[in-house]
Every structure is written in structure tokens, then in C-alpha cells.
Amino acid sequence: MPEDTKISPVDALPEASREYGAIGEVSDDPRWGMAVDTERCIGCWSCAVICKSENDVPLGMWWNRILTKGEALDTPETSESGGLDMSWVPLACQHCDDPPCMKVCPTSATFVDAEHGYLVEVNQDDCIGRRYCMAACPYGVRVFNWGEPEYAVDGFDLGMVEGRPIGSVEKCTMCIHRLEEGQVPSCVWSCPAQARIFGDLNDSDGELVRTIEDRGATQLLEEKGTKPKVYYLEERRRRSL
Amino acid sequence: MSAVATTARAAERRSWGPAWYGLLVGGMIVGLGCFVYQWVNGLAVTGLSNTISWGMYIITFMFLVGISAGGLIVAAGAELVGSERFSSLQRLAVLLSGAAILAAAISIMPDLGRPQMVWRMLRQPHWTSPLIWDVIIIGVYLTIAAVDLYILTRPNPRPGALRTMAFFALPAAVLVHSITAWIFGLLVARPFWNTALMAPMFVSSALVSGLGLLIVTAHVVDRTTEWEPDRNVFDDLGRLMVWFIAVDGFLLFAEILTTYASRVPDHLKQLNVLLTGRLAPVFWAEVVIGVVVPFAICASRLRKRRGWVVAAGALAMVGVFAKRINIVMTSMFMPLVGLEPGIPGGRPGQEFAPDPIYIPTWVEAGILLGLACFIGLVVTLGVRYLVVPERRPAG
Amino acid sequence: MPVTRRQFLAGAGATAGVAVAASATVLADDVGQEPGRSLLVDKVVRTTCSPNCTGSCGQLAFVRDGRIVKIQQAADYPDAVYSPRGCMKGLSYHLQVYGPDRITTPLIRTGERGSGEFREATWEEALDHVASEMKRIGETHGYDSIHVFGQVPGSGYIQKGANYRASAVLGMSHGTSFDYNGDLPMAMPITFGVQNAEHESKDWANAKFLLVVGANPLETRIPDAHFLFDAAANGARLVVVDPVFSATASKADTWIRLRPGTDAAFALGVANVILREGLHDEAFLRTYTDAPLLVNESTGKRLREADLRPGGSTERFVVWDARTERPVTVGIDRLGMPAGVEAALTGSYEVGLAGGATVVARPGWDHVRAEIETWTPERASETCGASAEIIERVALAYATEKPGAILMGGGSNHWYHGDLTGRAYALLAVLTGNVGRSGGGFSVYVGQYKVRVVAAPWNNVGEVKAPIVSSIYWLTGPTETMHPSVPYPKNGFKALFLTFSNFLLQSPNTNQAFERLAEMELVVDVDHQMTDTARWSDVILPATTWYEKTDLTATPLHPYLQLQQPAIEPVGESRSELWIWSELVRRIDEEGWREWFEGWTEEKAIEAILAAGDVPGGPTEGITLGQLREGPVRLNVPDPDVAFKAQVEDLVPFPPVSLPAPIESTEVFLPTRRIELYKEEDRFLELGEQVVTFKDPHDDGVHDPAEYPLTLLSPHSKWRIHSTYSNNAWLEEIHGGKPQVLLHPDDAAARGIADGDPIVVFNTRGSVTAWAHVHDSAGPGTATLPEGWWSRYYLDGKGVNELTSSAINPIHEVWYVPNIWAPSTGWKDCRCEVRRA
């Protein structure tokens, strides 16, 4: 199909699907954030796989990974009382309000984008591949294009965004290309356990802020002062027999 | 020295001269070739991965900055306190500092994913990045070393010129290594680095390694050219080494003790990597080879024998290099979020590795060889044209 | 001197600077674009992902330049609580569509079977060859000697229906999937007279108590798992019963570790406590079950009106009215008891028979009660390994926190005595009246078997249906107890025609399957990937995936009917099953083709099916193809879709119909037309299973427990749908691609096995070599090796099914209605031993 008759993937969506993924109302100066409900996360990696698919992430790289709170992948740990325990923590860029990665980047290739919800974005044009940001990120969410990227399918590009140049760093963009068209990030769309909420942290009436306050939430490595915009909802108490 | 002996020495020197230069240039060509290969194929040709994203290049960078600071601090420090003790070594010290810092600056290049974009660092420097400040201070330091060498090589140096320079050189030398330390020390993501002792430790180990370099090189130049230092200078250097190692060892001990006593589980895990874990051989090498043995040598009567002092200097350098490895690798081995499956390695076949390993490849070895040969060449040329011709009265 | 240091330095610096600047311009690859521009597409096509997982999840295929570049859930269910469904496997399916194992041309074997040596052929040649071979075999041995196998119909009524249709035209034996998969929960036809009767997963959220037994929905029902959390958010308690601490156990309020295969003892212990505390619902028992119906003590058969007086009906049964102290007859046309009758549930009564004799009779319930009373919590605990304490607590909670739902999975059903397990859990639901109400039920979730539409106009040719032989009989041959109505071919099976199934690796007792394979004169495999089964075939015909063809799908887990619509042209030479069958039938029986295949497209078949169900009360009432093109359409079923509503609310007799079988063939399962806790058929009596009891795991009776002390569990892994996705590159990056055998530290230590060691898992049927994963979460005395790994991932051996058993339980042969009352395989009923490799 010739270039000029192609359409944006959001425009091509059937109506009902587009409604499903539409970002709700936002404030005048949105600050994009996310809540992950670890009570509902089942460790299926659907959000990680759709991220890899959406962003044409090469083999060996993952922007989003599901960590097991246990001894190994999908292996429980023994708690202090001797019982077994296991849960999952999805981890991608936390889009911190005080990002250490941005501060150390020598060329400002990593920057806080005030026009797009204060997301932490990377402009690969400016990236010199110094990898200082990777050392600086406490969460280890940045991945590097070490060499020529390899893909599971050869011959054509997968995904909805262009690939990144060799020698540059990349990470979760909060699907900024979808946000611009009023659609939630792919990981939020694709979670089959309905464990992710996306929204405007500056909208105190919005579902995101209200859920965080009602359920209670923590942030990863809160004590490091990075002020992540990703919150992890507290698990409700259990009622054992 | 008699004219005959001088000529004989000169002839002797010239006979291995071309071979030496050939070796150095050959090494540099190898290094350049490896660099080009890496530029084209990407850093995938190294042993680095997303978990261990910094390796031999930055270790070498730190080491080179360290050994450059040491020489100039000795020279400038001696100048400032008005000591004549090390005046015979001044040119060599400054030359070594300049060569090392130049090599350090160059060693940044192979550690970039996109070296062709490095000019953007100059066009749009990000002032909150310690790296930018490091580039600036390295430039300043290089300039100071060049100016110092210029002054030292004038037939009639202006009195006080060196002294004036020392006022800039000493703080610059301290700063160059402190800022390099702050590249690591200001990161909350790496608790092992994030200590106030980082800058002092870097400075103290710079002194140790820089002094070690000076000792070893002075001995080699003495043996291979007609240049010779003051007779007792090695004893003085050895005595200086005792103090430097003592301070460095003390800071290391303070760091270990504080971490150990803190009982913070994450910190203890990192400490154990050093004490008993994967890095234990390198750590204990650092302690024994780099601290205990050279200290013992220089604090004892062995210091009176130049050979022992030179050995201590060499061992101290090895120990400091081991320290650089330990600093970088400890934090790289243990990312803060330690849950499995960990960080994806970055390439097919290197997906998720809960226990990441780093084995430097031939490309990295080649580039480091090139750097070493570069320093060798600069130093050899500098010794030949700037140090040896210095006319000193014998004795 | 020639060059000063400063000059040297200056020169070097200048050179470097020039070099950098030059390279910056020459090598400035500035591919990185501003954040925010996404690539464009040609179109987005809404289809349904439907391997045999019961997900049946709407997906969007994003197409650019004629290729799928992304798959993402459609999330367009009219009731938002269902969206988005989907999982990481479906989202990465395009890796299989275009992957290295995709078959793109017909292939004809050139080397030995299994050598992997094939040559490419045109469709003409391949079809001619296959058709002529089929014709030869058909005319020599009979067309029924050709065994056609297609997996469960719910995953695609049209394409899989084409299998049935062609079999009907030519008279080939079509196999079975639901029972061959071991998924047929025989307890259901035995107790309720139906194939299966699950509540839709949405209904889990309405429960106050959820008992999940031998099931791991977090891994096997990914799109439905969130309903468990919805229930918990509404205050429900979640109890998980499993020998292994599974993913689902990690979310439970309480996890109960059971010895594998001892569920019936556990459930009977729970029943014991419920009875003892008087928490059971006697009114429910009287109204809906055979509990009060009297059983003749000397014959074990129920008393009928015909026994009591001459000319009496054999379809009226007898109860003892405690009020009048006389026997009263009840009919089968309505549930409930006659007005004013206080039907006794216990006790012994003397009943006069026609001809003067009297006989002692007890209500069926009395037999059940007697059995339950032997299962004190202490006795149950000794057998099943759960503490007596926890059995008490489960009983009290389940009986009082209503409605309570029991969700059972393959872990409990896939046993030789899986029917007893199911009957025991069904008993709990019946005792507490948790049947036919939202939030309750005894639901068994296994395969995507359910025929939710009237498929007859497509599957059958006029009145003629395909002869169906349970595929277990292909594997084992006829048994002595095989039901006489099984149309086993008189000359045995001579050919195997497989569609979309890794049949040889996913059959139980792999080595037995390979023995059968050697007897086949022709093996044809229609598939899209070069599986191990394909490698062992004679002819491989490349099939289209569900992104390249049209089909109709449904699932028991949710009530939506959905289309599969092609997003791209078929890859390579691949074709749909419908096209393949049409071409083959035309070559074999041109007249039959003209009558039954010519002019039939997928759309035409869909319209025929929709029309057949478009009657008042029919499943597809008012549903059109046009609606389906737009998105999911709700079948005409209750909301929420729960089982037995009509029976419980309107006293309509059991059983409801189990499509595609006519009601006549399934109502015979329940002569009383009530829930049957007492079974009077001879074989039940002979085997002592007239009421539910506990029997030890069986495993063919071959393996001495002293020599083979471990139970081999082979559950379904979240990374695969059986063997599909075994070769998915993205998923392999995550899980590492190494089959692991989960062992308990005690068992491992006793054998000198450390975590990560290569080990051999073996019994007399076969062996595989894989890696040990030693962890506390394992059940002691078990070895857990998830099924579905392709052979190439093992260090040695074909796969875990080298060890599993193909034993047939004669209870499953009392009747024969394929996929509904038929031998259901027992994968977990398997003994083994392990040793270091």
C-alpha cells in the first residue's frame, strides 16, 4: 500500500477497541503516571511481550520485565514463618520526577518532557552511548543497542515505532507515540489481569490518584529520592482458614 | 660520565630504539584497528552487557587519571613547600602526568556507543553531569601539564613561574581525580559507590599509583638513557610511598569497616562479593600486593635499596589497578533491584542472566594495548626530547 | 630537534579534532527520530486467537505491507468486565506465522519416517498422491480404517467441522479430542448426565468461597484469572488445593497441599464434616437428586413401579414416605417430590414386590451417607496428607460462606479414577445446594471442547454423520470392555490423517503411539509448523493459521461467539483445512464432493450453523454473520452463564442437552433424570463404585511403588498451549528453553540430585532427560515436568509422554457417546523414578 494511503494505527482501530484504550479526562497540565496492582499481577509477561512487540525491541532486550518476588523466575521463597510466598513486580522505566539518569547524561539526550506529561524521554540523535545513565538508574531499566539488532522475524520491521541506532540507549517511552493520539500505553491495554491503571497524577479526582489513595501504594526504592511516577498498590490482607 | 661511556650508551640505546618504536607504533595500530572494528560492529564485540555496562575501558580511564594526578601532585607539592628533594624528577613527573591524562582523555572514546556523536558533548554540554565537569577539568589539567613542561624546558625559566603554576596544578590535580570519583560517587543507584569517601579514596590511590609510576619510570629511564635522578631520591620516594599507602590503606579500611558494621543487607552482600565472593582474588590482591607488601617494603630498611623501592612501586600500581576493577565490578555485579530474572543482557544468547559475568574480549585487550603503546610512545618521545637533554650536574 | 612536544601535542590534537568532525558528518547516522511518531499501517483486522486454551480472545492484527507487524487484544467485549482477555502467547503469535518452523509448501517424505527428509511438492502432486493413497486404503480396508484427528471443535467450528464433513462423506473414522485429551470429566456425565457444565469465569466473581482444586488458573486461564481477584475484592475467600505450591496457590488465602490423586479422600472428609454438623441441604437432596429413591438391597438396583405392581412403569421410581410409612412412586417428567410426601433419606424399609415377596430397600442417599461416615477427617487426612484440622475448616467455610464455587482442573481430573474425584467434589456442591446458582457450581475447566452452536448442518451431510471412534482406541486397539456401539473398523486402522495436532508427542504412552505409527500405511499431517509429529509424517500439507482464514469460535469460559477473519494472504502455499478437504474429496468421490463440498465457503457454513440455532431459545437466536464481523456477539445463554439454571429454578429434569449429541443418547446416563449419586449400572456395582469412594491411583497396575516411588505430574505450562509456542523466540528468552523437573529437596537429596543437575525421569514405558529444579514448593514424592516441550529441548527422549499411561477405565465404557461418555485419559496417574544423568 503506498505511503500516502497508510493510516495511523489508532485511526485504524475499530470503534469499540479505540474506546477501550482511550485516556480519560486529564488536567490542564497532566503528569503521566501509572499504578500497578501486584495483587492482580499474575506474572504472565503479557505486558512485557506487547511492549516488545509495540516498540520493535530486538532480541535480547526487554524494556519491561516481570520480576518474581521469590527465589528465581516463578519460584517461591520461604517466608520467615516457614510458609511459601510468591508474587510479581512488573518493572519498566519509572519516569521519575527527579531522574538520576537525566542528571548525568552529558548531552541532555535524556530529558524530562514537560510537554508530554513530564515523561523521561531519550532523543537517540543526541545519545553518544556513554551509558552513564545506565549506571545511574537505580532500577536497571535502560537497555543498550550493543550491536546490530537481531529480530525474531527477518525481512521486515515489526512494531509501531522505528528502531533505534546502534550504540544508543533505549527504554520504556510510556508509549508516547500512543499518548499523543489519546491512547493508553500498550502494557496498560494488554494486561489480561486488569492490573494496570494509567492516568494523570495531577488530576486528584481521576481514577489513578483516587485508587492510589484508597488502596495505598508504595514506590520502588522510595528511599532513593527519585520520585518515580509508577506506584505499586498495596495488597489487601488475606483471610486464611 | 665519560664521553666514551655516553656515546656507548647512546649507541646501545639507538640499537634497540627502532625496535622499540616499531613495537609501540605496531601496538597503536592494533589498537586503532580494534577501535575501528568496534566502531563498525558496535560494543557488542566487547564482553559488556546491560548488567555490566561498564568494564575495562572505564577501569582503565580511572587508572590513567589516577596515575596522572600522582606525578603532578608530587612535583607541584614539592614546588609549593620549596623542597628540592624531587627537583630532578620534575620534568619526568610532569611528562608522565601529561601523557597519562592525554591517554585518559582518549580512552573515553572507545567506551562510547556512538563516538561519531561525541561533538554533541561540546555543543550541548549538560552542566549537571559530572562527566562534563570531568572533561573540563581534564582539559584544564592537560593545559597545566603542558604549560609546566614548557616552563621546565625553557633554558632560563622565570623564577617563581613554577611556583605559581603549582598553585593551580595542585588543586587541579586533586580536582581531576575528585571529579572522576564523583562520576561514581554521586549515584544513588550504586550504594557501594555512593560514599563520601569516594573522592578522598580516589585521590589517595591516585597518589599511590602516580608515585608508583614515577618510581618505576624513573628507574627505567635511568637505566636506559643517560639521564639520572638524584642519588637518594628513591629513598625519599619510598618514604613518601609509605605515607601515601598508609592513607590509602586507612581509607580502604574505614570504608570496609563502616559497611560491615552497618549490617544493611544490600551493603553486606556487596561487601561479601569482595571479601569472599567472585572478586575475592582481586580484592585480596589489592590488599596484599597493593597495600601490605609495598608498605612493608617502604617502611623497612629495604627502602634503602632502589630495587626494592621500584618493586614496591610496581606492586602498588598493580594494587591500584585491582582496586579500580573492584570498584567498578562490585557495583555492576549487584544491581539494586536484585529480583530474578534480572536485567536482560542485551543480545541473543545473553538474555536474562541472574549471575552476570564479564570477560573482556580481544577487542578490548587490543584497544588497551593501543592505549598503553600510545602512552609509551609519548613518554619515550618526551623522555628523549624533553627529559634526557636536561643538563644536571652529576651527583 | 625535529619536533617539540608541544608541536607534537598540537598536531595530535588537531588531527583528532579533524577526524572527529569529519566522522561526525560522514558517519552521522541520525536514525533516532523525535519521540512521538508511530509508524503507519494499512489496516487493522479484528479476529480471534484460538488455540486449544479456552481463551477464545479477540485480537487485532495490525497489517503493514501485507504483513502482520503487531497483534494486540481487541478488548471490544460489550461487557467491559471481560476485556481485554488475551495473553503473552497470542500477542507473539506472529513469530510463529513468519517463524523458521513455518511450513510453506507441501512436503513429501523421501527418507525414513522421522528422518526429517522431505522434498517440496506442488499442491497438485501432493493432493493427487494423498487422495490416491486414501482411495487405495479405503477400497482395500474400508474408509473407516482412516483415522482423522482434529483437536477440539470450539477452537474453530468451520475448519474443524470440515474434518467431520469429509469423514461423513467418505465414511472415514473421525477421532475424538476432549476425551483423548483426558479433559472429559467423567464425573459430569455420571452425576449430571452432561458432557460438562461449567459456569463462565465471570461468575467466579460472584462467589463468596472459591475452592480451586487441581487447577492453576493463573497459568492456564490467564484471561480469566482476574475474576478470582474480583471475587477476593468482594470479600470472597480463595482456597487452593494442589500438591505443588503453584502460581495460583500464591494468591490463595489458604493453600492446602494434597498428595496427588487423593482428592476424593479429601472431599469425602469434607463431606463427613458437613454431614456431621448438619450443614447439608436435605431439601436440595430430595428435590434434585436420586437421594430418596429406594435401592433394592439384594440386587443393588433401584426399585421401580414395575417391581411393585404388574403393568407398572419402568420409568417411575420409588421413595418411602415417612409420613404415611408407605412406598410412593415418582415420575421422571419433573423434579421435586409429590406434594405432601416426606421422602426418607435414610433407613431400611421393607417393600412389597409384585408377586408377594418383600425386599429390604434403602434410599440411595443412605449408601452415600454410609460411605461418607467412614471418612472421618482423621482417616481422610491419613490418605490425602492434608491435616484433619484444615479439612474441618474447609468444610465449615464452604458450607456456610455461600454461594461457594468449586473449580476443578486437569490436575484432579487427569487420573484413572478422575471420575471418582469429580463425583466427590460434585457431592460437596450437591450437599450444600451450590448447584444452578450464580457464584456456586462444580465447574471443571479443561479444554475448548464445547459445541455451543448447532453445528449439524456443517458437520453432517444431510442425516449422515461421520463415524466417530475415540482416538484412544486407535492407540490401544479395542478393549474387552469396549462398548459395542463403538464403530471400530473391522480391519483396524491403516492410516492417520492429522490436522493441527502434535498428535504423536501429545498422545499418552508415546512409545505405544509409535508402535501404532509403524502400522500406518499413510500418515498425513496438516499443520503450519514443523512439529515432531510433522517430522514423522509421510506427507505434510501446509495449513493457514487463524490470521489467514475464516472460522467461528466459542469457549465454555465466556458466552461470546466470535469470528476469525483473515488479516493477511496465506503465507507461502498454505491453505485452509476446508480447501484441503474439498480438494481431496473431489479427487476421491467426485459425486460426494459435488453434493456436499462444491460451492461451500466458510461464510456459507457459518450462515448454515447460525440459521440452525436461530430458533426461539436456540443458542444463536438472532445472531448474524454481519454482527460477527463487527465483533463478539453474545450467545443466547443466561447472564451470568451458569449451569443447570432451568433444572434448579424450573425443576426441568436432568440432563440438559450436550451438543452435538441428541438428548436421547445422553439422557440414558440418568435413568432417574435426577442428579445421580447412586449408580445402578452393572459395571458400577461390580467395581464397587455405585456411590463415590476413594481408590488409589492406578497407573496401569504396572509399576511397583517401591521401585517407582514418585508420581509424575505433567501440568500445562503458562508458556505454551500444550505444545504450541514451544518454539516461540520471545518466550524462550524469558523462560530459558530448558525443561525442568520440579523435585522436593528431600527426594532430590536422597538421590544425590542438586538444583540444575541433568536427570533422567523414567519408568517401564519410557524416559526423558531434563534438568532438575529442586525446591520446597514441590510436593514430596512427586516429579513435576510440564507437558508440551518439543523433543529438541530435551537432553534425551521424545517427551514426557514416554512415561504416561494409556489405560482405559471400564467405567468410561458403560456407555459410548464420543467426547461425552468415553474413555478419558489419566495423564497424572503415572509412576516414575528419577536419577542423575
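Details
Each chain carries a letter (A, B and C) given by its place in the written order, and its residues are counted from 1.
Operating definition for what follows: a residue touches a chain if its C-beta (ideal position, glycine included) is under 8 Å from a C-beta of that chain, and two chains touch if they have at least 3 such contacts.
Just so it is clear, the model here is predicted, and its values are computed rather than measured.
Annotation: A-C is the more contact-rich of the chain pairs B-C and A-C, by number of C-beta pairs in contact.
Located most centrally within the structure is A, per distance between chain CA means and the overall CA mean. For this pair, chain A with chain B, the centres built from the Cα atoms lie 40 Å apart.
The distance from the centre of chain B to the centre of chain C, with each centre set as the mean of the Cα atoms, comes to 66 Å. If you average the CA atoms of chain A and of chain C, the two centres end up 35 Å from each other.
Of all residues in chain A, those that touch two or more other chains are 59-60, 62, 71, 73, 75, 127, 165-166, 168. Touching two or more other chains at once are residues 115, 117-118, 341, 344, 348, 351-352 of chain B. Multi-chain contact residues, meaning those touching two or more other chains, occur in chain C at positions 29, 733-734, 736.
Touching chain C in their complex are the following residues of chain A: 1, 3, 5-9, 12-14, 16-17, 20-21, 39-40, 42-46, 48-50, 52-54, 59-60, 62, 71, 73-76, 78, 84-87, 113, 116, 121-125, 127, 152-153, 155-166, 168, 173, 176-178, 180-181, 186, 189-195, 236, 238-241.
By the touch criterion stated above, chain C contacts chain A in their complex at residues 29-44, 46, 60, 62, 64-65, 67, 69-76, 78, 80, 83-88, 91-92, 94-95, 98-99, 218-219, 222-223, 225-226, 229, 232-233, 237, 239, 245, 247, 249-251, 253-255, 390, 393-394, 397, 630-631, 718, 729-731, 733-736, 773, 775-777. Those residues of chain B whose C-beta lies close enough to touch chain A in the complex are 41-45, 48-51, 53-54, 111-115, 117-118, 120-121, 124-126, 128-132, 135, 183-184, 187-190, 331, 335-337, 339-341, 343-352, 354. Across the complex, chain B is touched by residues 59-62, 65, 67-73, 75, 89, 91, 100, 103-109, 126-132, 134-140, 142-148, 150, 165-169, 220-221, 224-226 of chain A.
On the chain B side of its complex with chain C, the touching residues are 95, 102, 106, 115-119, 146, 149-150, 153, 341, 344, 348, 351-352, 378, 381-382, 385-386.
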